[in-house]
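Labels A, B, C and D are assigned to the chains in the order they are written; within every chain, residues are numbered from 1.
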Amino acid sequence: MKHKQFSSLAFNIGITAFSLFIALLIGAVLFMIAGANPFTAYAVMFTAPLQDVFGITEMFVRAAPLLLVALGISISFRSGILNIGGEGQILIGAIFGLVVALYFPKMHWSLMIPLVFLASFLGGALWGGIAGWMKAYLNVNEILSTVMLNYVAIQIYNFLIRGPMMDKNEVVYGTGASQTARIAREYWLTKLIPGARMHTGMIFAVVMAVIVFFFLWKTIYGYRMRAVGVEVKAARYAGINTKWYLLLAMIFAGGFAGLAGSVEVLGVHHMGLESISAGYGFSGIVVALFGGLHPLGAIPASIVFGLLIVGADMMQRAVQVPAYIILAIQGLIILAIVSSNVFITKKSMKVKVLNLFRKPAGRSPHAQ
Amino acid sequence: TKLALVIPSTIDDLAWSQAMYQGIKDAQTELGADKLTFEVSERLWNAVDAGAAIRQYALKGFNIIIAHGAQYQSLLADIAPDFPKTSFAYGTGFNTPEPNIFAYDPHAQEGAYLLGMLAGLTTRSGIIGLVGPIKAGDAIKYNKGFEQGVMSVNSKAKVRVAYTGSFGDLVAAGEIARTHIKAGADVLTGTSQQTVGAINVVAEKEGLVWLSSDMDQKSIAPKTVLAAQVYNFKNVILNIVKNRASGVYGGKHLELSFANGGLILNFNDAIIGIAPKNAREKILAAKEKIIDGSLKIELN
Amino acid sequence: MSLDIQNLEFRSISKRFPGVLACDNVNLKLRKGEILALLGENGAGKTTLMNILYGLYQPDEGEILINGRQVSIDSPQKAGEMGIGMVHQHFMLVPNLTVKENVALCMYNDSFFELDHKAVNAKIREISERHTIKIDPDSYIWKLSVGEQQRVELIKSLSLGANLLILDEPTAVLTPQETEELINLLKEMAAGGCSIIFISHKLNEVKAVSNLIAVLRDGRLVYHGNTNDHSTDELATLMAGRSISLPVAKEKQPSDEIVLELQNVSAMSDRDTPALNKLNLSIHRGEILGLAGVSGNGQTELAEVINGLREVTEGKILLDNEEISNRSPQKIINKGMGYIPADRLHEGTVSSFSVKENIILKDYANPSFSKATFLLNKTISDYSEELVSKFNIKTPGIETTCASLSGGNIQKVILSREITRNPKVLVAVYPTRGLDLGAAEFVHSKLLEARDNDKAVLLVSEELEELMNLSDRIAVIYEGKILKIIPAKEAEKSELGLLMAGVHNEAQAIQ
Amino acid sequence: MLSEIIIGIIAAAIPLSITFVLVGIGEMFNQRAGVFNLGAEGIMMVGAFLGFYVEYIMKSGPGSSFLGMIAAIAVGSLMGAVMAVTCVNFKAEQGIAGIALFMLGWGVAGMLFRVYIGGTTSIVGLKALDIPFLNSIPVLGAILFSHNIMVYITLVIIPLSWYLLNRTAWGLKVKAVGTAPRAADTMGVKVDRIRFQCVVIGGAMAGLAGAYLSICQTHIYADNITAGRGFIAVALVYFGKWKPTGILWGALLFSLAHSFQRSIQVYGIDFPYEIAVMFPYILVIAVLAISGSSRIMAPTMLGRPYYREQRD
């Protein structure tokens, strides 16, 4: 038994390593086209972020919003909804949070920060909820509505930060950059390490992950959502108000994306800026799926993805290749990992691979 | 001196980012390749990635770090105190929140005013089309200057403004240009990297004219781009290097204007004949007035 | 390259699934023209063995020989090419295509452009005329009742002209007449040289149709021999390892108290045609009311309407004198309604949930299973273990997903939940469809037990025997209306049969 | 004057909609077969680049434009094949693979552009051709007969894809594989093969759509030339309920809204331009919300890989 476990672990590692190798090999061609040495590039990419405080902290700076978005995505996926509206939900969440942080009367940070989080949760929930409501009650496909709502959110957000919410100084001095005023310093999320950007947002996100885990698997609401997600007919049969739970799923999905928005505002930017969503709405989907749509699985997935982002970014600067190569390499690596996954989780596929090695002459039914 | 450049778009966008890239290269040529080396990080329009890049450059000991966008101001304010011996610069901006931050500020409205005059003088239909990205920052300065320029020479002309809602959607920019042209515009202008899409559409029909900003975009449409306001960032770079040499790491507001050579007005001699004969003289006269301060452009 | 299959042999076939050995060293032989009946309890491995023959599954060990030569059937395509056809236990039809298109898919699965609708039509017409199978070739599959879908399955396999035909519980959803027709058809085919493997839990059919019998128990072949050597009782004993006899209702004076009453209820079907037409029905406390009728006459809609899953367009439904029409399913469940739906895979269970999660599908919010919205895992597990053993559900464990259970065992999961919930009214739609005899016996006794505990049971079934054994009264539904209600002891099969066909007075009968 | 504006709006919308139709029809095929490809945007970028590049190195001319399109189709098919290998053969999660392909496509296109061209330049491309006689028909002439050749090719592709889907054996198989792969398998349909073909077709169409943007519409290539149009196209497939004509209507509606919105801005009706820019997106959602849903068309197994030995 021990032996079997070991060999299966070896198999899993082997197959993942093999597919990664293929991906990196293709990537190497790209590096060569760009005139860079692939070996140094890869070395930087996978080791540099882990070598110093800066790299490690930056990883967590990315992981926090990714994890939050992924939590929401996990909930909605589990309820059978593919939410690709994370980008828009982050922005609306950020705006709600900003309104509270900038315009509410001064109060102690221990009151203000939860209030900002609450506001941005509500903002994101509103945005996700629109798509959820349309799906549940008007039968509008969520992919269509979330894609479209992303564009609408961007326009609303940009309008607010370049219009009514723009920093007064930008008007006074005539520079007119679209950004809001800074949030008072006492409301910022505490930086965990001096000189680095890492803030308490990651801790918050991990706590949320645990809460979501309990919510989905240990409470009746989670039970209902999962039931609606996989078999609407059976859920209806069981007395579950399926429409309401579809809506609720999108409310949560949007809410968590919204939280990511305020974590970015309070933890990183301290003001409202353009493109604050930074693609987290999309990468959050990848993180959620890598995490097996499991809130706890999303924690390591978000950290690994953080490494991938930071590492690729550092690599680009270290070997001076066009920044596009970051995207290409990330894409290749993700493709490789998802492709290898099936050989790990599905016995029949695993057998196919093993047969390649064992019996080159072909499968014999007599084999023991 | 080791210099790092962080840009939102790419070094070949024929606009804002390329203008700075060009400026650094020119400065390098002037100072000598051994005196100034530089690295670039592109496509950092979102502030999270830009923040990581800036901090990493600072950690690696770069002397000058240029974050080429107004949106980077708060990032620099966060990072600069940790690296007092490094000079940071950003623009468009005026504010220098730390003693080692420079803010540079191209007076887009000045060139815009002159281009506006040219537009007002050149247009036959009396309709001028402006292709905007989003209504903020430099785009507003440019648009305001441009409109005043048009009005100063041709009060009957109409300046029509339409925005795409993004900086990078060149197809949309092209479509807006097309719509302007259908609506009668014969002189068009605009800002941001998406305008290459618009220029190409303008170039499809002979006799239409584009006025370009940030960079001289003549290279893609030599028979269409009539004049250009060019940002000469070389001076900004040289200025920063000079300041550092005298122990000043920042805290200055560096303006780019016609007065200090930060802005350059280029005419396309091959097609300048489209414009009325005296246009060039009028515009150059106005430029002098801008330089000596007797011509003020309203921004509010 | 359809083979002329003279001889078929399974040699030492084994197949393992996570947690179960579905086939365990099975050896089996079949000759041309023979009809083999494959028997076994739910989960014995019948479907698995046939799926191996059809190329859907690959055996872990063992081989299949045709005409003495080893063959590798690694895909259903290959099986089809060899002339093996299969009617699957769970229908293999494309719901958003029409009957015609489904048949065309089989006929033209090798071509790219070519699609001769006329040829397909001709084929369907030929088959349905020759074997008197009634079907509308232009109807979408999703619009068909289960019985009609079964007919399509048959046409599909016949259109391919298989010379080895596998039928996995084909009669589970057929009416007695249809079953009879099918049996005749199979015999005819066998006489024409087609070999047939027939799976069924109904032993009288098995006796009527087959020459040979093979019995599987827990994946192992425990008997292989001639049909004529054994009586049905002996066969039942072979299957279950014990003797089985289906219980019959003891007479009992039902109370006058009406528990469930439907007054002039109308409803539409999914196809937007009227399904229930001012239907009136009342069920008393402590009785089983059998509902007889040919599939497609509104039974499922009736059950759905009662359970709040379908809109009542007209009329009233009263439970304990309280109106429940168009209430939410949750409210109706709370008022004491139990429901065993016909679609066990997608309605009665959440197929990707574990057995455990499915067992509490209606009670997760019950204070005994959750406190302050938190599910009580330990209690739930204990309860599930208890039901699994009490209802003899064959599963590797309570964490196994329902989807990987055998058809019969999925049904047992639903039954265990609905019966143990102890509702006031239990609506059971085809509750023993696909169940093995032992399980059917169990269900029947449970339904009777419920009746004896003063519950009201609405039993929907097409099997007259089942209805007559269990019911106190039998109502016949036809085109969304109750034609007649007969006390069970006065009911006769022939009369019921006529009523089900919509003939409801002597005069009509004579005509 | 007003009628001229309206004609202008419609005439401008038609070439705009072509991108969405091309990607949408391709995506329709792979979704009908059960594969959801979010990577269309990335494929478009590579197609846009390669189409541009081929014409660029061949120094323009209509022949080179067509070669460019063919190259784009080829590279699109190749990327479709990558998607197919991962999602059909290796059964990878389609959502992730699509996003990864999007990243890969963007990265590769951008990088090759930087390395092999290096700066923004323009090509001649395919210009709008005024079809003689026909284009002088009042109203219709401007709306229908003054576009580039790809517009007309696309108008042929629409009925062609309808025919393929609804009148051929292959179309039947596609529909079967997307709603009931197991049933299709038992009926002798090679599920994975059909899915593979469809994903490749989807890729080819996305590649062509990309080349349409660079060769026919803008005559340049620049970073992010697609600007999210691939995602919009995927969304429009849902709008069109997996029907070629539905996708055409969706694309036209969306493009009309855009060209209307632009005209409003240009003619200077004074209100926040953000609302104008948002309008097309809101309109599409609203129209879908009002129109009902149809049950028969949806590929119910969309996004679910097929394993023969797994019960579901």
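We adopt the following convention: contacts are C-beta pairs under 8 Å (C-beta built on N, C-alpha and C of every residue); 3 or more make two chains touch, one makes a residue touch a chain.
Source: prediction; values computed, not measured.
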item	value
Contact-richer chain pair [A-B vs A-D]	A-D
Centroid spacing, where centroids are CA-atom means, of chain B and chain D in whole angstrom	35
Whole-Å separation of chain centres (CA-atom averages), chain A against chain D	27
Distance between chain centroids, defined by C-alpha means - chain C, chain D (Å)	45
Interface hub residues of chain B, defined as touching at least two other chains	10, 43, 135, 165
For chain C, residues contacting two or more additional chains	58, 351-352
Chain A, residues touching no fewer than two other chains	155, 158, 322-324, 348
Pairwise chain contacts under the document criterion	A-B, A-C, A-D, B-D, C-D
Chain D-facing residues of chain C, complex	54, 56-58, 75-77, 80-81, 86, 88, 91-97, 101-102, 104-106, 108-115, 140, 142, 156, 351-352, 403-404
Contacting residues of chain D [partner chain A, same complex]	38, 42, 82, 85-86, 90-93, 95-97, 99-112, 114-115, 228, 231-232, 234-236, 238-239, 272, 274-275, 277-278, 281-282, 284-285, 288-289, 292-293, 303, 305, 307-310
Contacting residues of chain B [partner chain D, same complex]	9-10, 12-14, 43, 129, 132, 135, 158, 160-166, 168-172, 174-176, 178-180, 182-183, 193, 196-197, 200-201, 203-204, 219-221
Chain D - residues contacting chain C, complex	167-170, 172-173, 175-176, 179-180, 182-190, 295-298, 300, 308-309, 311-312
Residues of chain A touching chain B in the complex	52, 54, 58, 61-62, 154-155, 158, 162, 166, 169, 171, 173-179, 182, 195, 197, 264, 268-271, 273-279, 309-310, 313-314, 316-317, 320, 322-324
